[in-house]
Every structure is written in C-alpha cells, then in structure tokens.
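Next come two complexes built around subunit A: one with subunit B, the other with subunit C.
Right after this comes the complex of A and B.
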C-alpha cells in the first residue's frame, strides 16, 4: 500500500510537487488569489474552450488524422454560434455552432481521407479558409442589422442559464438563500482545507449550464472511445488500418466520423466563447485557443481527463494573470523549488548535465523572486503560454502517439 | 519512429504556442487577401463614378481606415465612423471606409489604396497608423492625411491628439466621490503609454479626493499584442476579479473589451444585491452601449468622452474649405475635445464638484499627469 503511494508520487511528481508548492505559497496574504474560488471559477470558464478543442483533437488523431485545423473549426463555431444564437436563441446557437464546426471537420475529412492530402497542409488551409469565410458570412448575413458590422455580430437572443448549488455553495431554493457550506469553509482560512473548498466552490457556484454540458463531454468521450465497439474501431484505424480493414472495419467511415466529431467539438468550443461570453461574435476572438487545445491534448497524453487537466492548467494560469498579477510573482518561487526537486531527481539518476542546468535555472528564479515584489506586465501576460511550455517539456517524455498518425491510408493498401 | 514523430509534433506545438503568443498571426496572410479583394472592389466604385462625371466638379472625397476591432466595437472605431458619416452628410462628400485584417498588418496597404483612388482626405484611425503614415503620406503631397491619437512627420498629416489625462482625472474625481467601498478599479486594453495617460489621470483624480482609496489596475494584453482592445471575455474576467476584491466602480480604457466589464457589473450586481458600476470611455457609452444592450445601461455611471468624431469632422470641413493644415492639433477640456458625460443622471449630485475641478484644469491650476512616474 505504502509502496503504491510512493510509486504513484514518483510517477506523478511533475503534477504533485507544483500543486503542493502552490498550496503552500498561497498561504501568504499577497498570493492568496492563487487558490480562491473566484480564480478557480474564472479558470474553468477560460479552460473550457481549450478543453473542447483538445477533445476535438483527440477524436481526430485517434483515428490517425492530424488536425491542426482545430482553430479554423473553432472560428466557424464562433460565427455559426453567434448567427444561430441571434436568429434562433442561445441553445440553438450552441447546436448550430457545432454543426458549423462539423462542416469544416467534414471538409478536412474529405481532403485527408478521400483525397489523401497531407494532413498539415489541409489543416492550415482550413484555418486560413475559416477566417475568410467567417468574415464573408458576417458581412452578408448581418448587412442591414443594427449594431452589427463586418467584424462583429449583433448580440444573441436568449440566455443560457446559470446555477449555484444549494446548501453546498449557498444557491437559492425558491428564492431563499441556503447555507453556504464550502463558502464558509473557504472563509475560515484553514491550510489546505480552505484552499480545497475554494476549488470545489469554483465548480459549484455561479456555473453556466453550458459549462456543465461541456464538462460532461469528458467522461462521455472516454466512454465512447474506450468502452464501445465503434470507439474500438476508431482507435484501431489510427493504430493499424490495414489490419482493421482485413477484419472488416470500414476505415474511411471511421476516419470520417472521427474528424467530423472533432470539428463538432471545436465548433462547440467556439460557440462557448461567444455564448458563454458576452454573446457577440468578434473577429479574431478565438485568439489561437485551438492551438493551445492541441497542446493540451499532447499534455494529456491522448486521454480525456488528461486533456481536462492540461486545459485546466492553462485556464488557471490565464485566470491568475488576469485577476492578480501579484499572485503570479508567487509562482516564481514555485518554479524555483520545483526545479530544485528536479535537480535532486536527476542527481539521483546520475544525469549530471541536466542536473546542473536545472540548478542554474532554479537559482536564477530564486534570485529573481527575492529581488523583486512584482513581475513586469510583459511576463505576467505570457504566464499561461510559458507555464504550458514548461509543463509540456517535462510531460512529453511518455506520450504515446497513435501508430499511424498522419499517414495517408488508401483502401486495400497492403503494408 | 514514434519518438521521432513525437519530437516533431512537440516542435510543432511549441511553434504554434509562439504564434499564439504573438497574437495568432497564422491566419493574417489569408485574411489580408480577402480584405484587399473586398476593398479593391469597394474602392472601384467611387473612382469610376468620379471619372464618368468628369465635366462636373468632383465632389470632395474622404477615406476612413479603421483600426483593429473594426466597426461595431461600440467604442473607438464607431466613434470615428460617426464623425465620418456626419462629414459625408454635411459636405456631400464621397466616402469610403476600410477595415484592416485581424492583426492590422495591412494598414499601409489600405492607406495606399485610398490614396491611389484619389481621395482628398484620408484618415487613419489610431496611433498605430503613424508608421504607415510616414511611409505613404510623403508620396501623395496633394492629399490631406489625418491620424487620431498620434502624430506623423510629413507636413500633410494632421495629428489629432487628445488630453486623455484631463478627462480621466474627472472620471477619477467622480469615482472617488461615488465609491462606497473606498475601492475602485481601472481596466486598460493594452499596457502601453497611450493607455497610461488614462490610468495616470484617473489615479490622480481619485487621490485628489481621497488618497486612501485603493485603485486596482488590470490590463488585458501587452504590446505587440493589441487584442486587448477587442476581448470582452478577458474584460469580464478582470472586472469580476476587481469587483470581488471590493471595487464598486471600474473605469475602463479598453475599447471593445469594456463591454465585458459592463457585463460583469450586471452579473455582480445581480448576484450580490449591491450595485456596482462601470465608467465608459471614448463614446458616451450610456447610449453607445446602452442602446444595443439595454440591460447594461443602468450600470453605466458615466463616460469619459473623447470627441474624435468632432476632430474628424473638423478635418473634413477644413479639407472642403481648403484650410487644412498639417501638424499636431490638441483637444482638451477647454475645447470640448474630452469631457465627462452626465447621461443617466447618476452623477448629477456631484456635478458642482466636477465642474469646479474642470475649471481648475482649464485654468491650469491643476495639471493631471499623463505619464507614469
């Protein structure tokens, strides 16, 4: 038992050490924003689009099709979401946004599966095409409508509701306030327990139904891909298409399904940005979140819950830099100590060069932390990107790619 | 084999991340094409009609190039557009307006397009046009150019400047008098000197009334990423954080990002039951935001209006009358180029104090700081 825990910690030290360090650093007053419910709530809202794009990437890449067109499909999601939301209502907008993304996923599938176009080339084309198409559609659809322009849509009609869980987070029942269990625990400021309560509260309080819907897709994806026959078929064509075909699997069909679902999920990510945000489509709103989604997929090692964690990390860093540049300063010491842990680990493994490099960086971060009280805004702003980069470079060593990813497959091929 | 591939993939992802950090530039090249095609067509029509009607005197023509965010940002660009439209109506001008691509890299090309089409007055809306102006304007000495919020070297370019610090100072006075929590906020779009004018003016105004008031400051992006003027999702998150930390009034200088702030004001007010406010910028946002989004109107305390529309109108007027001159022209409280709006009547009760400070600024007794110390 103890041995199990020990090996678990050793295996997951990349995740566990920084988490622990953050919790400890957050006890200082000036860094307290690191673990408040507000930060976690904000992190969830910022993470969802990235997570959905990451899940989209998962469905596509598991069937062997590289999809860097996620960003483009997301752009289609933003526009179709806004258009559907404006014309029919909020939930219809979500659905139409998914259809818009699925359409572009389908185009990607036609190019890569039926015509064996290089996956990267097709993906880039999708991204370029989507940006132009969105603007074009926006100009022709909203031409005579008040408060719209070539780069912005009018506001959607209707709203997606929000809820706060009663008793646990103080949500109302019949307009009467109830006890706020986790809120009270958070305010008690007990080490670890209050931080954890803040984390839970972020999920329970003031949460949009759309967010719940999006989060539900994570276990659903896991179920579809790993616990259904069609999921098995989809994964098999990514690993060994020739073998799958010899066993009667329709390889093309599976790839089409995977890439189209991928588009639909990216479209949902886009629709979430619009409908979960201010309800207006703005050109360039996706801001590269599709690419970050791809990174979160690699971070998560092609596992739905891994993707959730990867995007959560990015969302957390983003929320932190937006909410409290002060707290970002606390991350310096976290990085420094984490690198020192690495020094010990590499020393233990007798990798002396790596150990030396880590030691140097660890010292540099420590000196920076001690000699400053704030971080220049430029660095604060890039926190999410840098965090993802650092974590990715430590987490990538055990990534298991689908065997035949990015390899065009012709029906009846014998290799 | 797998290892090799994963290395490449990771390299690719890193590259993607860098692109993202630079503002998602990968799409821009394509967009540029789309825009130029579109605009080339748009531009054709005034040019050809002018040629056909040669015997009759050409109507004066005006070309407005908007900045990132484009029309519909409910702020800076819409403001310029309204001045441009008024000029067209009043002087019978032929108008063309263009919008840059998402990253705004094609500013120079758009100015060039306008110039080649033979417009009499070309306006670049935003200080980011200064480089493009320096390149394009010298080649067309007979055409009048104007740039908002910036200056350019060529003698045929009028730099239309505003003393943002003066108006922001009054916004600070209003916020300090109205806050109940002694805690206010400021949201800037992009962390660079132009927005620091707003920030510093606001800080000075708040401190003038009560130096103990806490001012929280947040920015949506840093240069060279100017997406912070067009990201309501970030505006909302920053505002939510500031309201949660006790602020009850936030002043934004963030263009379209500010819409998210008003959204947050509504959300927080409804959730907590105690009302929080936002102060708008550029336009009188009580009407500008409040008309298309009526549910947000009651949270707009006031706005620091910057009459760029009037400056553009005046530039057009000077062009038509032949009195256009280049160089910098500065608008401030005394010329009415910036002012604090009283729409909605939420700050009518402190009008006297505000006017008192306004008089002091105009007389030079108070000089609001416009650069960071």
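Right after this comes the complex of A and C.
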C-alpha cells in the first residue's frame, strides 16, 4: 500500500511537486492571489476556450486528421459570434459562431479528406484564410456603425445569464441571500482546506450559463466518442481506415463529421471569448489559444477529462497573468524549487549534465526571485505560452497518437 | 519529365489564380462593387514606376521569408516561427549595429552575421524541443513567437531603448551612416523615385544559395529524401534528429535576413512600427512557389503586387481588405490544385512506365 502511494507520487512528481509548492507559496500574504476563488473563477473562464479548442482537436485527430487550423476556426468563431451577438443577441451569437467555425472545419475537411492535401499545409492555409476573411467581413459589415473599426466590432447586444449556487456559495433564492458555506471556509485561511474551498467556490459562484454549457460538452464528447456506434466508427477511421472501409464504414463521411465538429467546437471557443469575455470582436484576440488547445489535447493524452485538466492548467496560468502579476512573481520560487527537485532526481539517475543544467536554471530563477518584487508586464503576457512549452516538455513522452494520424487516406488505395 | 506533364504542373497555379480572382469577383459583386473596374484600377496603379519600386522592396523580405520556410518544408519540417525569429534578430542586430561605426561593407556584413546568429539560435530552441522533448515544431514555434514578442516588447523599452532621446515611443538608436545600405537608384538610373533597397542583391544571393544548398549538396539531398520518404531516409543512414536541428538552424538563419531589408534600407532602427507578419506571409509564398527558388520569387512579387496595388482601393470606395481575401484564396486553392496535379502526374508516369514494360 505504502509502496503504491510512493510509486504513484514518484510517477506524478511533475504534477504533484509544483501543486504542493504553489499551495505553500500561496500562504504568504503577497502571493495569496494564487489560490483565491477569484483567481480560480477567472481560470475557469479562461480555460473554457482552450478546452473547447482541445476537444475540437480531439474530434478531428481521432478520425486521423491533424487540425492545425483550430486557431483559424476559432478566429471565425470570434467574428461570427460577435456579428451574431450584435445583430441578434447573445445566445444566437454563440450558435452563429459555432456555424462559422464549422464552415471552416468543413473547408479543412474538403482539402484534407477529398483532395488529400497535407494536413498541416491545409491547416496553415486555413489560419491565414481565416485571418483575412475575418478582417474583410469586419470592414464590410460594420462600416457605418459607431464604435467599430477595421479591427474591432461593436459591442454585442443581450447577455448570457449568470448564477451562484445557493447555500454552498451564497447564491440568492428569491432575492434573499443565503448561507455561503465555501466562502466562509475560504475566509478561515486554513492551510489546504481554504485553498480547496476557494477552488470549489470558483466553480459555484458567478458562473455563466455558457460556461456550464461548455463544461457539459466534456462528458458529452466522452460519451459520443467512446460509447456510441458512430464514435466507434470515427475512432476506427483514425486507427485503421482500410480495415474500417472493409467493414462497411464510410471513411470519408466519418472524417468529414469529425473535422466539421472540430470546427464547430473551435467556433464555440471563439464565440466564448467574445460573448463570455470581451463582448466585442478584436483582431488577434485568440492569441494562439487554438494552438494551446492543441497542446492541452496532447497533455490530456487524447481524453476529454485529460483535456479539461490540461486546459485548466493553462487557464490558471492565464488567470494569474491577468489578475495579479504579483502572484506570477511567486511562481518564480516555485519554478526554482521544482528545478532543484529535478536536480536531485537526475543526480539519483546519474544524468550529470542534465542535473548541472537544471541546477544552473534553478539558481538563476532563485536569484531572479530574490532580486525583484514583480515581473515585468511584458513577461507576464507570455506566461500561458511558456507554460505550454514547459508542460509539454514534461508530459509529451507517454501519449498514444491515433495510428493513422496525418496520413491522407484515398479510397481503394493500400497504404 | 515529358512536356505534357510539365505543362500540367504549370497549369496548377494559373488555374488557382483564376479561381481565386473569380471568387473575389463574386464577393465584390455581392457587396455591390464592379470587379472588373476594381481589378483594372489595381492593375493600373500597380504598374506605375513608383509602385514597381515599392513592390520590389516589399518582395525582398517576403522572398527571404519564403526561403526560410522552404528549407524546413523540404524535409517536412514546419517552421511557423519565422515571424518571431526575424523580429528577435532584427531588434538585436539593429541595436548592436548602432553601437559602432566602421566602413560600410564590413559594418553591414557584421549586422547580417549577428542577425543570422540570433535568429538561428532562437530557431534552435524549437529544434531542441522537437528532438529532445518530442514537441511538434508547429506548437513550439508558435509559442516561441508569442514569447519572442513579449521579450522584444521588454527589451525595446528597458534594454535597447535609445538613451536620452525625447521621442515618446521606445526605439533603438539609429544605425550610423556606415550601417545603412545604399539604395540602388543610381545603378538603375531611377532618379525621381523612392529608394530601391540595396538588399535586393542579398535576396537574390540568398535564392541562389538556397538552390545550391538544397539541390547540390549532401545536406540538401538528405533534406529532400527525408521529406519524400522518412523511412527510406532513416534506413539509408540519415540521422533524423541531427537533420532536424540542422534544418531548423538553417531555416532560422535565413529568417534572420528577413527583417534586414526594411532595417538597413529604410527604417535604420527598430521601432514599434517595424513591419510584422512577414513570417506568416512567407509561409504562403513558399507554398505558392512550391519551395522552388524561382517559383517563390514569382510568388513574392505577386503578393507584393497585390499588397501595393490594393492601397489605391480605399480612394475608390472599395475596402482594400479584399486583397487579404484574395491572397488567402490563392493560397488555399493553390495547395488543393498542386495536390490534384501531383496525383495526376504520378498516375500518368505509372501509365507510361507500364506501357514501356508492355512493349
């Protein structure tokens, strides 16, 4: 039993050590923002678009089509979401944003499935196309409307409702305040327990219905892909298209479905950025989140709940950079100590060069931490991106890719 | 290759161009503009003397950027990070170059070497992450672009900012006279036009060097064979990991030159309005020109032409963003048609070969 726990910790040290360190550092007054319900709340809001893009990547890649175009489909989601939101209303905007993404997913499917264009080439082309189309559409649609420019749309009309769960998080019933269980626990400031309460509270208070809708897609994707006949067919197409064909599966149709769903989910991710966030379309507001979604898919090892976890991590990094540059500074010491753990581990494994490099970096981060009180804004801005690289470099070795990922399939051709 | 097949392979870009123009015309009709009139205005404006100089100037960085991307493409490696690489390199080269003054050729050569080195090192990170950590280069280079942008913003305001200048926005000190590339106007007798960048010659040299590197050296052979068939390449004794690093560094090295055309020829310093987006445009040009030094040259000129000639459209009440759509359409349609034609050619070659065997 103890041995099991020991080996569990040893295998997951990459996740567990930083988590523990963050919790400890968060006890200090100046870094307390690291684990408040406010930070977790915005972490969730920022994680959702990444998660949706990751799920989009999942649907596409499970059918064997690499989708680098997620970013572009997300851009379409932001513009169409903003346009729909401005013209018709918030929920209609969400739906129209999904359609916009799905349209570009469909174009990607035409290129890669019907014409067997290299998947990455087509994805790159989709990204460039989407940026151009969004710019053009924005210019011609909002030409004479106040507060719109060539790179920004007017504000959406209508709103998506929010709710706070009563009793657990102090949400109102009939306009009367109720008891706030987790809120009170959070305020007690007990090590671990209050931090955990803050985490739960992030999910329960002030949560938008759109967020709930998006979170519901996680189990739904799991169900579709792993527990329905069509899901089985989609996955089989990614693993062994020739065999699927011989069993009567319509390979092209499955790929089309997968890639179009992928586009719709990325479109939803983009629409979420607009309707659940800024309220307007801004050029470049996706900021590489489609690619981070792809990274969260790899981190989550092609599993919906893994994607949820991965995107949560990126959302957390993103939330910190937005809410409290001060707290990001606390992460420096976390990185330093984590690298030191790595030094010990590599020493133990007799990998001396790696150990030395880790030691150097660990020292550098420590010096940086001690000699500063904040991190420059410009560094804080790329926290999610550097997190992506760090996370992937520790998590990437054990993933199981679909067997025929990225291989163009032509009916009747043996590959 | 037989003449018939050669014609077929040249037809792809022409068909794609026609379809892209057709689609754009439909869109113009849809928003109530006359497409023929629009394209006529663009063409007339684009072939003016001033425009032609501008088009050539614009095409220089586009072309080099395309070469940088193509080096990777040749072995199936996607360096999407040219964007970040050239910006990082331009900033550092602009700063170091402004710190001293020697005779012009040496000064410029020095700036070029610094830019190449910085950019190659920045690209090497992505190569390292792919080889050692298994991170796909598309993800790592994109992330490095954002990281690079952040570092540039920090470096420009805090490290490389011109000391004691009362200019409000951060910028590096100006390159001394000796670090500015002379224009070619005297050479071509273009008296009353704007400067034709001297970097044109470097771009042409880069194109020739790229051709030599990819088609005449062992490294180039390794790149091409890995791109065509990675399994065969591995069995023929090519070390894929070493090649990934070498290709990434080479691609990054070319990327270092991208920003130098504008830097040495026009801006003479790194400012916040230094041109961005050249890296992504380079991907499009490389795909359009099919990684061929000549094809990419045509592609770069075409894109530069569209960019320049669309400037006139706003004066004629047509949104000039139609040009971006046009570029994107060309790109997407051209990749589809290249694939169709490639398959057609392979089929024909198999047919011809089997005919020969029969007779």
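Operating definition for what follows: the second predicted complex is superposed on the first by the 401 of 415 C-alpha atoms of A that agree within 3 Å, B and C clash if a C-alpha of one lies under 4 Å from a C-alpha of the other, contacts with A are read in each partner's own complex, and residues count from 1 in each chain.
As a convention for this text, a contact is a pair of C-beta atoms (placed from the backbone, for glycine too) under 8 Å apart; a residue touches a chain by one contact, two chains touch by 3 or more.
Computed from a predicted structure; not experimentally measured.
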| item | value |
| --- | --- |
| Which superposed partner A:282 touches (first subunit B, second subunit C, both, neither) | first |
| Which of subunit B and subunit C A:388 touches, first, second, both or neither | both |
| Which superposed partner A:38 touches (first subunit B, second subunit C, both, neither) | first |
| Contacts of A:295 with subunit B and subunit C, given as first, second, both or neither | both |
| Which superposed partner A:107 touches (first subunit B, second subunit C, both, neither) | second |
| Subunit B versus subunit C as contact partner of A:46, first or second or both or neither | first |
| Touching partner for A:246 - first (subunit B), second (subunit C), both, neither | neither |
| Touched partner set for A:115, first subunit B, second subunit C, both or neither | second |
| More subunit A residues in contact - subunit B or subunit C | B |
| Subunit B versus subunit C as contact partner of A:273, first or second or both or neither | first |
| Shared subunit A surface residues [contacts with subunit B and with subunit C] | 68, 124, 128-129, 131-132, 135-136, 139, 150, 287-288, 291-292, 294-295, 298, 378, 381-382, 385, 388-389, 392, 396 |
| Partner subunit C, residues of subunit A touching it in the complex | 68, 107, 111, 115-118, 120-122, 124-126, 128-129, 131-133, 135-136, 139-140, 143, 150, 287-288, 291-292, 294-295, 298, 376, 378-379, 381-382, 385-386, 388-389, 392-393, 396-397 |
| Residues of subunit B that touch subunit A when the two form their complex | 2, 5-6, 9-10, 12-14, 16-17, 19-21, 23-24, 26-27, 29-31, 33-35, 38, 69-74, 99, 102-103, 191, 218-222, 225, 227, 230-234, 236-238, 240-241, 244, 256, 259-260, 263, 271, 291-293 |
| In the complex, subunit A residues that touch subunit B | 33, 38-39, 42, 45-46, 68, 71, 124, 127-132, 135-136, 139, 146-152, 154-155, 206, 273, 277-278, 280, 282-289, 291-292, 294-295, 298, 319, 322-325, 377-378, 381-382, 385, 388-389, 392, 396, 399-401, 403, 405-406 |
| For the subunit C and subunit A complex, residues of the former touching the latter | 27, 31, 78, 80, 129, 132-135, 138-140, 142-147, 149-151, 153-154, 157-158, 280, 283-284, 287, 319, 321-322, 324-325, 327-329, 331-332, 335-336, 339-340, 343 |
